[in-house]
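Structures given as structure tokens follow.
Below are two complexes that have chain A in common, paired first with chain B and then with chain C.
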Partner chain A sequence: MAAPAASRVFFAVHRILTRNSLRCSGHARHLCSGEPGGRSPADAHDPGSLFIQPEVQDILWRVTGFDLDKIFRERPSKDLQPAKYHLLTEKQLQEIQGEAVERGKKRLQMPPVMTCREDVEHILSDNPEIEGFDQHPYVFTDISYNLPDRSRSIVVREPNGKLRMATHNERDRMLQVYFPVPGRMYSIPEMFQEENVERLLRKGKYEYVLDRACVQFEPDDGSYIRVTQRIYEHIASVCEYDQLRSTRHFGGMAFYFAYYKKIDGLLVDMIQRDFLADAADLVKLYHILHPNCESAQQVKVQQVKDEQELIQLYLKFDSHHGGMVELALQTYNESREQTQTNLGN
Partner chain B sequence: MAAAWRAGVLILTKCPRIITSCSPEWQQTRHQCSLVTQQLQYRVCLRAHTLSQHSSAQMLQPPTVITTITRDTTYFTKVGADQLWEGVVAVSNAGRKRGRGKRVGRKKITDLNRGQMIGTGRANFLWPGLNTPVLKGRQVIQRKQLPPNPDRDAELVRIRDEMSRISYKANPPLLRGWSGSRFPGQSVGPPDPVGDYKFEGFDTKVLEFRLVTNMTGTLGRKQSFTAFVVVGNKNGLAGYGLGKSQNGRAAIRVAKNRAAQNLMFIPRFQNHTVFHNMYTKYHKTSIFVHKKQKGHGLVSHRVISTICEMMGIRDIHAKVEGSTKNVKAITKGFFNALIHQETHQDLADRMGLHVVETSKLRADLPVVVASPTDGIVRDKQLVDEEEDLEMDYDRLYFGGKVEYERPKKLPFYHKLRSYRYRKAEDYMRRNQAGCKVLRDAGLW
Partner chain C sequence: MSLAIRLALHGCANRPFYHIVVMQTHRARNSRAIEQLGTFDPMPNKHDEKLVALNFDRLKFWIAHGAELTQPVGKLLGLSGYLPIHPMTYITAKRNRERAAAELAQKETQSTETSSDDNS
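Moving on to the complex of A and B:
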């Protein structure tokens, strides 16, 4: 006990009583080993490192939109309290509104996009002399205070005497036991099973499922990647991109479409809603993620700055459904001309 | 008989009236019974004789003889029905003076012959001239047995029960008033139409219904009913009225028609609650009204809840202080308070400030609900230094009044010395639970 207090290490031992409790570990892993949609990105870049690039973050932040009414929309709560009223001067009102904008920005912080984590077997020591010491593996968790969860050491002693690093699934469960995250459940909620996700998608509860997935999973968890990408695909198929606008998930969705070269539907939606700057931003994002594509090269050569030209170049060289986007662009221009003539008259 | 003897118990019942009407086998049994009785006497004597000769271990168990007293005659055939019923339902003079025999559940005299007709019985016979006509057209009807009617007995029982039970048909629970079958709290329908105008969507609820008396020179004590009702369309229109009549129903009708002539428009916030907290006083009745959020419900005096239902206010909290039984004062005070509400726009104009709403449901997003119409917003806030009244919207309309808060009831053992010691010890160790964790972790 002579060790200084600060360097003390506390270990907790958790005895896994049934082998069955380990069964869900491999469920998502095989799903994320193949790329969704059967397409692999042209560039072998890691999406995680691309996502955190400042210019990518800027674009994603801009296209997300910032509608305070939607960010702070009424959410159901069990804790009902009457609204409060304040009598404020102009200055006080501006102050309180400025605070609300800051809080809104925090609420729009995007969950990170990461590559799927893989389990690597790492055996620390092999002690065959203690083989059969018990029927169940023992998990040892370092529960010292103030350690980041990702570097916290968690090891498993198998009944055959091998001491190995815990798998990601085991780590998640142990961390939830000793350092519970509010809202996260020890076992994966049934709503994340594929058929239930489909049911919720049919009801249009995209944000709810995404929010809950953020709480339940780590961002590099295979299940998280599976659930989020399934939702993005569904949104694209029903063209309900606007549902995620001004939420923290829009950036992730835009990045997904740009990374997997499926931005046409989103482009049409942006042009139809008069977000031409957003559409141009999306094309720019596409060029950042795929610098070797034909339109990116052309933009570099021609030094294009105009929004419409940027989109036109993309349509010409890299679009899969160019006609659809072209039509939207045409309608946009016509309506704009009409409003200008109306204003002129 | 021997088996019974061995068992040590023999039950003898002296019941000649029944036995005489029994079958020959039973007569045989009776004979045996008397034989057994003789034997019993003999054996008991024998046992008394041998008692001195045998040891107690060898003794047989003595028989237990149980006798039952029976009445050989009946008074049911000797006394008339009136006297018999008197024995069941009679109340003594002293009891009658105390009001016994008047209650709802009392036993009533039942005519047991009701439902039975001469000539009809369990055997379903047709007796021409008694229960059927002799001639049917030209045909002479013969005596004839019909198949038995299986429902006859049940029907007789039903008819008898109908007489003895008091027929009281309760309203369904949602239509009942505040208490039992009494009028207050009950809905009595819309007011009567005036000309072409039918009060569609209106409803009336009784708030007070009483019997009042007046002494007159000629008639003496003259009784009449008074009804105080509230009428409303559950959408912002409501009124109250008082009616009196010799007849209860008529009093209610008069009251609701008068109430319909005095309808008032009640401003509501988002059609569910009041605009702001408020205080009102009418005679000795003070009311504190609190604005509440959607889903809160009506939490108030039953009179106020009923009025709110008629107005279409769904969420409110109100407390009545002072005279809480004066229905008319509560009603008038509450109506007065509601029709003098100040809207948010009025408040913004009066104060020259923005009225801003923040709600936990919207994560405290400031929403400007009203700004001064002239666009001139005061730079500096006028704050009452002592009371800070102007800042606090919740107390803005209470006029400095504060609700009485009933002190928390202390446990019955709060004066015990052991409890005081326990509290003192708790006080000493009040923060130790948390500190121990930190100490163990080496952080403190």
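Moving on to the complex of A and C:
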């Protein structure tokens, strides 16, 4: 093999390979087809970039709640340790509690919401003269160290001589072969098939399915978006929002409802559970995601700060089921008055 | 010390599997390699693909150190787009195409013969 002659070429080709893979992975601007929200592409701004805005993250973090008992509840696990008991001073106890809070915060880190990725056919070179060199395609994976998975170049040589970038499906499989993620399966588990997801939802295993989807899929995978959104829809239909509170999935759910303008059910739930600040936060999130809606404009004009007023404005202009939320708000106010009078007596 | 980047046959009976390794040219095929650069699985998986994995960083390093590529490795690198396509790949491709065309022609003549037999 004439190495010196070839060496001039391969640096250039390798550079192209790496650059193209970068461009390919950063692609996909459109929303997934078949999303229940039904926004037209014209007014659809990228949910991924909205989600990572600091003010959105702040709101989602606050709305999630922080119930240590729920975060550290017992879960089925293979490595269960017997409880340890220590005798501590007050100061040591506080330190340990602080550590536990930090650990809890880590556990509540939200999985990112991203736009659905799409396969774009990207042909690197077409050599019809080697058509038929083999009956099977060859998949080449660069396993160099210290490369982020998303910019790893993976290419396929088809039997007809075309050299192309691997599709997302192929990429995922190759990465799982050469760089396995613990807990992720090489082939997608059957529980993520539509009928099986439905069965699990009927049993109410929302967190279980969401956790496993988190491990199995990349956050911009169409299947991940399909499964999570189906679960959020189901939770909304049976009003079991509280199941996800103080878990890492609550933020994603709240974002989903706000993005697709379906926050009424969640608002009612929050008001009924005495989380009025959360309800106001949710309306604020709605206004950030939809700055052109009527109530957002009104809030700007009137400089509204009060929580109840904020919700009232939303009810007046943008709510689909205003009556429901209004009723919840009324009962909330009445019960508060009652407790106040009771206290006064 | 002349170095070669070459395939070392691993796997077991009826199941070939290759390591792509850097080794001295005179050493035996499966003797201890200086470094393993990747793998090549010549049996198509259930998605009908043949898998090649290569550490291109180290490959570049060893080529720069004057390691020679053996023919099978040169062919793989040519297919991957890292090097120009190996001359032997063109020849095998041409032979395969010619063989396929010949087989097709033979089948056609056979089918016309049988149909003419039916007619008579």
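Operating definition for what follows: the second predicted complex is superposed on the first by the 305 of 345 C-alpha atoms of A that agree within 3 Å, B and C clash if a C-alpha of one lies under 4 Å from a C-alpha of the other, contacts with A are read in each partner's own complex, and residues count from 1 in each chain.
We adopt the following convention: a residue touches a chain if its C-beta (ideal position, glycine included) is under 8 Å from a C-beta of that chain, and two chains touch if they have at least 3 such contacts.
The structure presented is a predicted model; accordingly, all values stated were derived computationally and were not measured.
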item: Contacts of A:173 with chain B and chain C, given as first, second, both or neither; value: second
item: Chain B versus chain C as contact partner of A:129, first or second or both or neither; value: second
item: Partner chain in contact with A:103 - chain B first, chain C second, else both or neither; value: first
item: Partner chain(s) touched by A:90 [first = chain B, second = chain C, both, neither]; value: first
item: Chain B versus chain C as contact partner of A:145, first or second or both or neither; value: both
item: Chain B versus chain C as contact partner of A:68, first or second or both or neither; value: first
item: Which superposed partner A:203 touches (first chain B, second chain C, both, neither); value: neither
item: Which of chain B and chain C A:79 touches, first, second, both or neither; value: first
item: On chain A, the residue positions that both chain B and chain C contact, one per complex; value: 6, 10, 145
item: In the complex, chain C residues that touch chain A; value: 38, 44, 47-58, 60, 63-64, 66-71, 74, 76-77, 79-85, 89-90, 92-93, 96-97, 100
item: Contacting residues of chain A [partner chain B, same complex]; value: 5-6, 8, 10, 68-69, 72-77, 79-93, 96-97, 100, 103, 107, 145
item: Touch list for chain B against partner chain A, complex; value: 276, 290-293, 295-296, 344, 347, 351, 353-366, 368-369, 377-381, 390-391, 393-394, 441-443
item: Parts of chain A lying in touch with chain C, wherever the complex brings them together; value: 1, 3, 6-7, 9-11, 13-14, 17, 124-125, 127, 129-134, 136-145, 155-157, 161, 163, 170, 173-174, 177-178
